[in-house]
Structures are given as structure tokens and as C-alpha cells.
């Protein structure tokens, strides 16, 4: 789960990492007590807000009011700004980059740091990024921190302060089951001291049960996706107009890919998983209907799951509630013949192969 | 460092392990507020105090006074009782044994538990002791605790409480760098709940720097041993009358063994270590003199250490301060000839072999 | 031969008495797998399809000689279960459980290495060596004994591919489901090395998907170390960036993990790529 | 041959610029040891006897190809130093540092196993393969090339024994100081197995002492697996119970770890025991 910048900074504060003096502002009254100049920052779960006009500074109250009203409610890549963070400006001596991510290949946390912060880390040359991997069996050790800090070209006292921050964010990363903690920029202030000017904190969804203090916000999901998540259904809205229901994430992805081959475009990714529970099938279809696809493509492979059981579930939904778009089905595996009979009986189109079904779905949807 | 029972119980309390209501009592005034019956327990850094009369119960104030005066100041295996713990009696339903030690062979903490507590664990048959080893790379896990608790023959609720205690003492064991944590007996109370009636906690000396909250007491050392410890000299008082100074713990032990072969008995184990620093040599000799051995046996092997340098140090001590017992020396290794000259010059006896030196020392000391 | 599992694997099922446990113990027994024990704390003495249940893995190992574990416990108990298996001397651990916190998985993946044990998963459908043993929740009906090795990050998609191999009479030496999580024990590289060393295996099929760089790593490895022909299918060519596509591991993050990158890497390594999952069988058939 | 170390070991010294570091780098170079790097944080660019100093082990490995580390840092930095060596790919770590907290040692001993590395010590005087390499603080002058293997828990006592072997013209294949701590990496059993496999080694000398059951474990192991003649000396026959005799590991605790028990175990395993340290040489001479 991605945390908004301000919530990430609350965690930083909890771990003793300095952040600028600031607060969420809902209206002008909230400006009182903050010293000018300050910065107004749109809280959105996505990068690139600066370029989109989501960050503006204010030298005085008028400017603050004006810029606040510009930012609040604006749209940044599909996300409406509902929260604005106001933060006092800080005199910057040096900007660094610091993050911890999961290295999937090494199966370890990876600490990355650079003496060049404040810009997109992808644009920093590899030679200027320093990496340390932390084996989870031993956790962070002094040598990891020394290995990074000694290469950042810092003065001795600065290095000591940065070392402390690394140790603290690792603790945060580990204790809050993070997938990502990023500080960009981490700054050395003109008057000394180290401060996190931004925060990106991403907590592993599957570990949220261990962190009851983190209120879930699911800011990056659409309303239907949130609904699906609560129901435990893997459901993702995409740009196209064909709703794909399949069993298994890989098969669902492969089905979307097959559509693309025939110029069709998936509008929904819906993975039924291993279930043939009629209740779950019904919930899935209901969600799919709400997404209003032009065509629904049901692609099943029955391994352990029996195709006819799923088909019965589908039939009962359709019989009970009706369906207002064509449904193409492609069924393979355990009891596939019985399943096809049931689906035909429910008025659905049964295709023979994945290619055939994908072609027909794409044609019906009218291409992209 | 061995902690007194009452200090171990303070740690138990810190970790949420129940202990009887009690306190250290210095005189009769301290009895007020404690409910009868209670138990008076001599605080000594050694087992077997019960048999020695160091534990007595009190049903009323008179008995308390009487027994207190019996225990305070008594001698238990060479340890004078200077502290007495008074504890309210508890109704016992069941007595268990629980400990964590270091398994040197497996290089892991070993949790041991038995449904038969209250007696010396060595007298419990192996089949009734259950072991779980905790790999330090993963620390304690639920399965370790289940593995033990499921075998103790406890009722479900009792098992849950004991499980909590195991988890807590492991935490204590790890966080306080313990070599040993033992609760014998750990009791199930008649009115439910689990309580530690005794405590043995032994903290690794080399890790004491991490535990500034634990005041060192070194209760098991003699005054001269304490003095030596502060000076960083490996010095142990033994029952015999020959003071052995050698370099290296193994060589010093082997020298003591050699004396025994000739019916001599070591009175002091003094390991000079790798030093040839005259200051250290002088300190070592001063300590040795205070121990008043009948004979001093100096056994040196010079590897990196140069024998003549040590010999010079010895000579200067003896020249400056004199020595009131014979000193037998056996010198081998780097620059041994020069060293022998120096020692002869200082009036010391130089033997040729270990056996020769050991025989002569034993003879001079007059056997055991 | 086969890789990782064969008739010598004596399986203890952790989480034996739940719905899934009972069902799959039956399925595995029907396949011929030597399921010798189940474990559910507090349920010692029970039986599942005649298989004795123990309170803990240590007891199961002592009593039955189990050397392999199938982990079916809920996610929040999975780390404990894998550690227990490894500390009880189990040398092959197949972890089906999904939704295990990544930090837990990182710990037990490395602990398995410390124990010199093979860890498959988590979030794996299991592993099957047709004619010998099936450990997991893969359907037994899709397999055919033969000499194509299959390693996959996916479940149903793999069943589909294996089934299409079977329909063309192409059998499998071993089919291993590596798991759909970002942090897994056995990787494509491990599977490739083991297939390469396995005399029975003549060709390898890899089923990859978006997320991470496992396929890119595998492609490099193939160029350098693998002499047997490799076929691959990559799912998720049309997946958008930043969305988890069902599997916890199937996500394009910060520009990394795209299907395009994986396909390019495989092409460079002369791996034959299929457009549709069912095409794999045609490619393998053409080759042989 | 020899065990654990030979002319292929390229040594980085952790704690290179302290008094001990400087002295022993000189001694090792004089012995012929390939000391290729030193490490002291913040001292990169310095040299010790011409050996370049780096800020960290990773840099030293990258620049010099070091594959072996000698740890001479103070006790409270030792765990970090050993972890650093292991994570930098060092495959042989010789730890001289004494007074390391046991819990630290437990962690890095098992981490060394995870890394498939040989860890000698802590509280070891080091290891020497005469004519090839000496890594540690053992005096170079006491050795002679030959075919007796020596493994010991002690320092000076071992020098004495090795020296007496040399005086009789009996050379050593390798002399390894296992360390005087209760928690050590390489044990008697490890050393015995390696000496058994080493063609050059014809006989093995073990120098044990009170504390723990390493000698009893070794005795059992000898009966079962070791065909070469084994000689032993045990120090501490007169040591009282409950006192640490200089070494952190030399303590009879709760009735365990007595010399009597060790001597009995060795006698049962047909190990020839010496009464005085210097007798070992006579026993070995008689045998050969």
C-alpha cells in the first residue's frame, strides 16, 4: 500500500528522521503558525506532480491562498487532489538520494544512495549510485552503512548524520514490512543537520495485518477495484472495453495478450483464482457488469477446478440477473464438454480455441 | 556474571514473568507489609543453599526474626550471606523446570523443559526433559515453543501461560546476552497462573558493556580475583600453595597439571597472556605475592613474546621489591638463553624442563 | 530421472486437516505420491486418508522418515511452518501458501539455503514428476511421463500448457511451479541448471510473466550455461505499469519487469518464444 | 597438501593499522603469507609494509582478489567485521579477536555456514601450513614442514607442543588454532575430517582442555570416521569446577567439561594421550 507523502513523513518522524515543519492544510486557517516561505504540495499516490503543477511555493498569505486553491481539487494523472501538505522551506546545502527496495533476484533489501539527489534516480548514472544488500538473516550492520556513506563524498559530521538516517529507515523498512522507502531528496541543510524533503513509503499489502496503526487508504485504486479488494477478488480496470474473466493470474494475463493480438483491448482483468464457488462466481460477474465492458470473455482451464461447476455458477447468474453484453466463453479441461453444454444452454457463445475466442471477442468489441 | 536470585527476579519482572511478592530484607522492619507465611532465602551465588540451611520459612513474626538472624551472615560453601530475600508463599499445583543455556556443540541456545521441576535437573531422567534448539539466525519461533509445551502434559490454559514464559525468557536470554537463564521451579499455581519461584541468570562477562543497567557484583570472586579482574589479569585462586605464572591459559593449566603429577598443588592460576610489558609483569607479581604462595613457578614459552623481555621485567620487580618465597623458572622459546642468564642473575632457580621445574616446585612446597 | 522430486520423496503435509489438506492428500495419494504424514498442532493421533497426523514436524520425521514437506498453512503461520520443516531436517519444502509477507519469505528463502534445502514457492502450485510423484495442488490429470522439463511462475496457465503438451503426446520429466510471488526459493536459473544436469530432460519450457528480472537473469544464464533447447511463454505483454496483475510478483515497477524486456532477453538467448500459451506444444513438436 | 590454508590464500587483514595489525602483517609477510590488503575504515590509501589499506573489505576484494580475512579488530566490532568479510565473498575467515560476546559469535558462526565459508576462531591464534602460509599471530619460528596435523583450543601451549615436535624433526602439515572460546567456527571434528582427507597428513595431534564436550564429540567421531593415528593432550586435569580458567571456554559447568571425561572418551577411541605437553613429540616419534 502506497502511503501519501505526509503519512510517510509521519513514520519518518516516528523513527526520528527530521522532516520540514509542516501540516496538512484544508483551508486558509491552517496556514497560521507556519512561517513563510512555505511550499504547498499536492498529496497524490503518483510521481510527476511537480511537472503537473502540484507543487507551488508561497512567499506570503495571498500567494498561499491563491496557490492552495489552484492545487486542491486539481487532477494529476487521474487522481483528484484532496489533500495538500504545507511545509516550511529549508535552506539546502546538498541534495542526496536514499532508498531501500526489495531486490527480487537476490531476495534481499537493497539500500541505494547517491550524492546526487532531487532528480529522478533513473537519470543518475550508475557509477554515482551506491548499493548495499542486507541479508535478512543478519539485518543491517555497521559495515553496510559505512560502505555507502564512505562513497557519498560527505564531510565527516554529515556522514555521521546520514549514517543515522540509513539505520533508521532500515528499521522502518523492516518493522513496517515495506516494499519501498525512498527519500528524494535527503538534504544536508545549510545550518547542518539532515532532513527528508520527500517520502515514498510502500507497505506490503500482505503484511498489513501486522500494522493496525496504518489505516488503509488504497489511494491508487478505482472505486470498483476497492470494492473487489474487499471481496478478495483480483480485479483490475484497464483502458480497453473487453472484460476478461479467467482462472489464474497468468492465464488471465495471457488472455488479455491474446486479445491484443487481434486488436482487441482488455478493459478488465478478473482472476477467478482456483474457486468454483457459485457465490464467488456471482460476485465476480456482478463486478464485471459494473465495469460495463462491451464484451465479456470467459476463459477457463479446469485442472482441479471442474469446468461444469463454474459453468453452472455462470448460468445461474445469467439466468437470474441477465447480462447486457455478449459473453464469449472458451472452456478447456476437466468436464469441459458438460460445461460447454451448460453455457450454450445459457445463451453464451462457446469458442473452441483461445485464438478463436480472442478473435471473436475482439471483433465484437470493435477493436481498440 | 551470575546474578543473585533477587536480581534475576527483577529481570523476570521486567519481562513480565510473574514472581512471588517479596523483597530483600535487611532487618525486621522490612517484614512489614509481607503476608505470612513467607520464606527467607539466603542470596548466594551457588547452588545447594537449601541443604545448607539457607532457606527457611516463617509462619509469624517471631519465627521470621529468628530465622532471619540464623540466615544472615551464615557461611554457605565459602560465601557469607549478606542479603536475604523474603517472599510470600504460593500454593503450588505443579512444579516445572525451564532453562535456556548455550549448547556449545550446536553453537545454539538450548531450551530445556521438564514437567518435573523443583529438583536438581541432573536427577530428572533424560526421557522427561524436552529440548529445543534455537538457531540464532532465526531466533525463537512458535514451533519451538509448541514443540516443548505440547510435551509437558499441561492443561490447555496452563500450556498457553507456559508458552508465554518461554517466549519471555528467550527474549531476556537474548537481549541480556545470557549464558544461562533457569527457572526451577516454574510453578502452576493452585489458583491458576504461572510463576517463577527461583531464578538463575548468568550474563556473559564479555557482553556486560552492552548492559550498563546491570551493576557488576562479581559475587563469585575472591577479593584478589576481583582486583585482578579490574587489572585485566587472568588470576584464579585455588586450594594449593604453589603460585603458577605462565603465558597462555592452556599452558598455565598444563603447568598446574604437571605440579599435581609430582604431588604439588597449585594455589594460584595466573595467565600472563601474550604480554611482555614490564608494567603488566610487575602487576602480576604483586598480585601473586598477595596470594602468599609457598613457591612461585614461572613457566614461559616465548613464541612471539620474547623470553628475555619478560625476564627483564621479572628481574626488575624482584630487584626492586624483593620476594619472600622461592621462585622456580622454566623458560623455553625465543631468546631463552639470554632470559635464563637474567633470571639466574636475579637469584631465581632456572630449571631445564617442565617436569624438572614441576618436581622441584612441588618438593619445595612440601607436597599437598 | 526428473528433478527435485521423485519416488524417494516421503511427504509430510503441514496443514493436513484443513479442507485443502484433506483434499490434496487424497489427490497426491491417487497420483502415487508417498504421503507419509500430516501435521496439525493439537491433532496428533488423527488420520487423513489413512495418513497419520502429528503435532509437529519433528515427530512426523522421527516416526515416518518424512524428507519433504508440503506447506498448506495460512499465510500468517507460513514462516513458522517453513522454519519448522527446515529445522526438523526436511530437505525439500514445497510452499503453496500465498499472500505471505515478503519479509517473511526473504527470511525463510535464505534459511533454506543455510540448510542446503530445496525450497519451492511460496505461492507455488507445486511440483510434479509424472509417473513418480506430485507434491502440491497441481491437477494430476494433465501430466504425461516424458522428457520435457517445465518451470513456471504461474498456475493455471501452466496446466494449460502442460495439457497441450500432453495432447500432442509430449511428456514431461518434471513440471515445477516456482510461484507467483516476488520472493521465491527456487528460481528459473536453479531449475535450468537442474534440468541441464538431468539426463532424462531433453528440452525445457519456461513460463514467465511480468515483474522482476527473473526471465532476464535466466536468459543470461541460458546463453552461458544451458545447452538444451529452451522454449518460453511470457504472460502480460499488455499489462499496464504499476498494477499488480493478480500475482504479487506480477508488477511492472519503475520501468522494470516489462514483458518486452523479457522477450528481448530470451530472443537474444535463442529461446524460442510462443505467442499463445497453446503454441508452446507446437514449437516443441516442431523441434523434436 | 595441507588443510584450510596454503599458498592460494590471499589475505586481507581487518584491523590493519593498529599495533597488532602492523606487527603481524610484517610477521606474516616474512613467513611467506600472501598478505594483499589491509582494511581500516577511514584509512584507505595508507600502506602497511607496502600492503595497501582500504576502507572496507568489499573494496579490498575488488582491488586485490583477497579470498581470506584475518580479523584483528576489537571485540565490539568483531561481529560486524566477520559479517563484512563473509558478505564480501571471503571464504576463509580467521578470527583472532578474543572477548567477543557469545551471542555475537553464535550469529556469525552460523552465517559462515550459510556462506559455505571456513571460519576459524574466534579467540584463535590463527593457522599455519608450514612452507605455505601463516594466517594469524602464531610465531613463525616454531614450525617445520611435514606431515603431522595439529588442532588445538590453546595458544602458547600449542606453540610449546609444535616446537617440541620440531625439535625432534617432526614437521607439520597444518597447525590450526581453533580458539579458546565456547562458541567457535571450525571444531575438532571439522579439522579431523579435513586432516583425514588430506593425503599429506599422516597423524593428527589434538590439544584440548576443560570445558564443553568438543573432545568427547571428537572421540566419538574418531571411532567412526578417522583412520589416521590421533594423539592428544588435555589441559586442566586439576582445574576446579565453576571457574573460567583463562579462556572463556575453559570452564567445568554443571559437572560437564571435566578433563577426566575427555581423557576417558579419548582412551575409548584409542587416542594416545600425553601426560605432559612435551610428551606428545615422544609419542608421535615412537609411532612413526
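Order of writing sets the labels: A, B, C and D. Residues in every chain begin at 1.
The rule is simple: a residue touches a chain if its C-beta (ideal position, glycine included) is under 8 Å from a C-beta of that chain, and two chains touch if they have at least 3 such contacts.
Just so it is clear, the structure is predicted and the values come from calculations on it, not from any experiment.
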Furthest chain, CA centroid comparison against subunit B: A
Chain pair with more C-beta contacts, A-C versus B-C: A-C
Centroid distance [mean C-alpha coordinates] between subunit C and subunit B, Å: 53
Intercentroid distance (Cα basis), subunit C paired with subunit A, Å: 27
For subunit C paired with subunit D, centre-to-centre distance based on mean C-alpha positions, whole Å: 43
Cα-centroid distance, subunit A relative to subunit B, in whole angstrom: 57
Residue list for subunit B, restricted to those that touch at least two other chains: 135, 137-138
Contacts with two or more other chains, residues of subunit D listed in rising order: 107, 110-111, 114
List of subunit B residues in touch with subunit C within their complex: 133, 135, 137-138, 141-143, 146-147, 150
Subunit D contact footprint on subunit B (complex, rising order): 102, 104-105, 107-109, 122, 135-137, 174, 177, 179, 204-207, 209-210, 220, 234, 236, 238-239, 246-254, 256-261, 265-266, 269, 271, 274, 301, 303-304, 332-334, 353-355
Complex contacts: residues of subunit C adjacent to subunit A: 27, 75-76, 99-107, 109-111, 114, 137-139, 141-142, 152-160, 163, 180, 182-184, 187, 207, 209-214, 217, 233, 235-240, 242-250, 254-255, 259, 275-278
Complex contact set, residues of subunit C against subunit D: 110, 113-114
Interface residues, subunit C side, partner subunit B - complex: 41-42, 55-58, 77, 79-81, 83-84, 87, 107, 111, 114
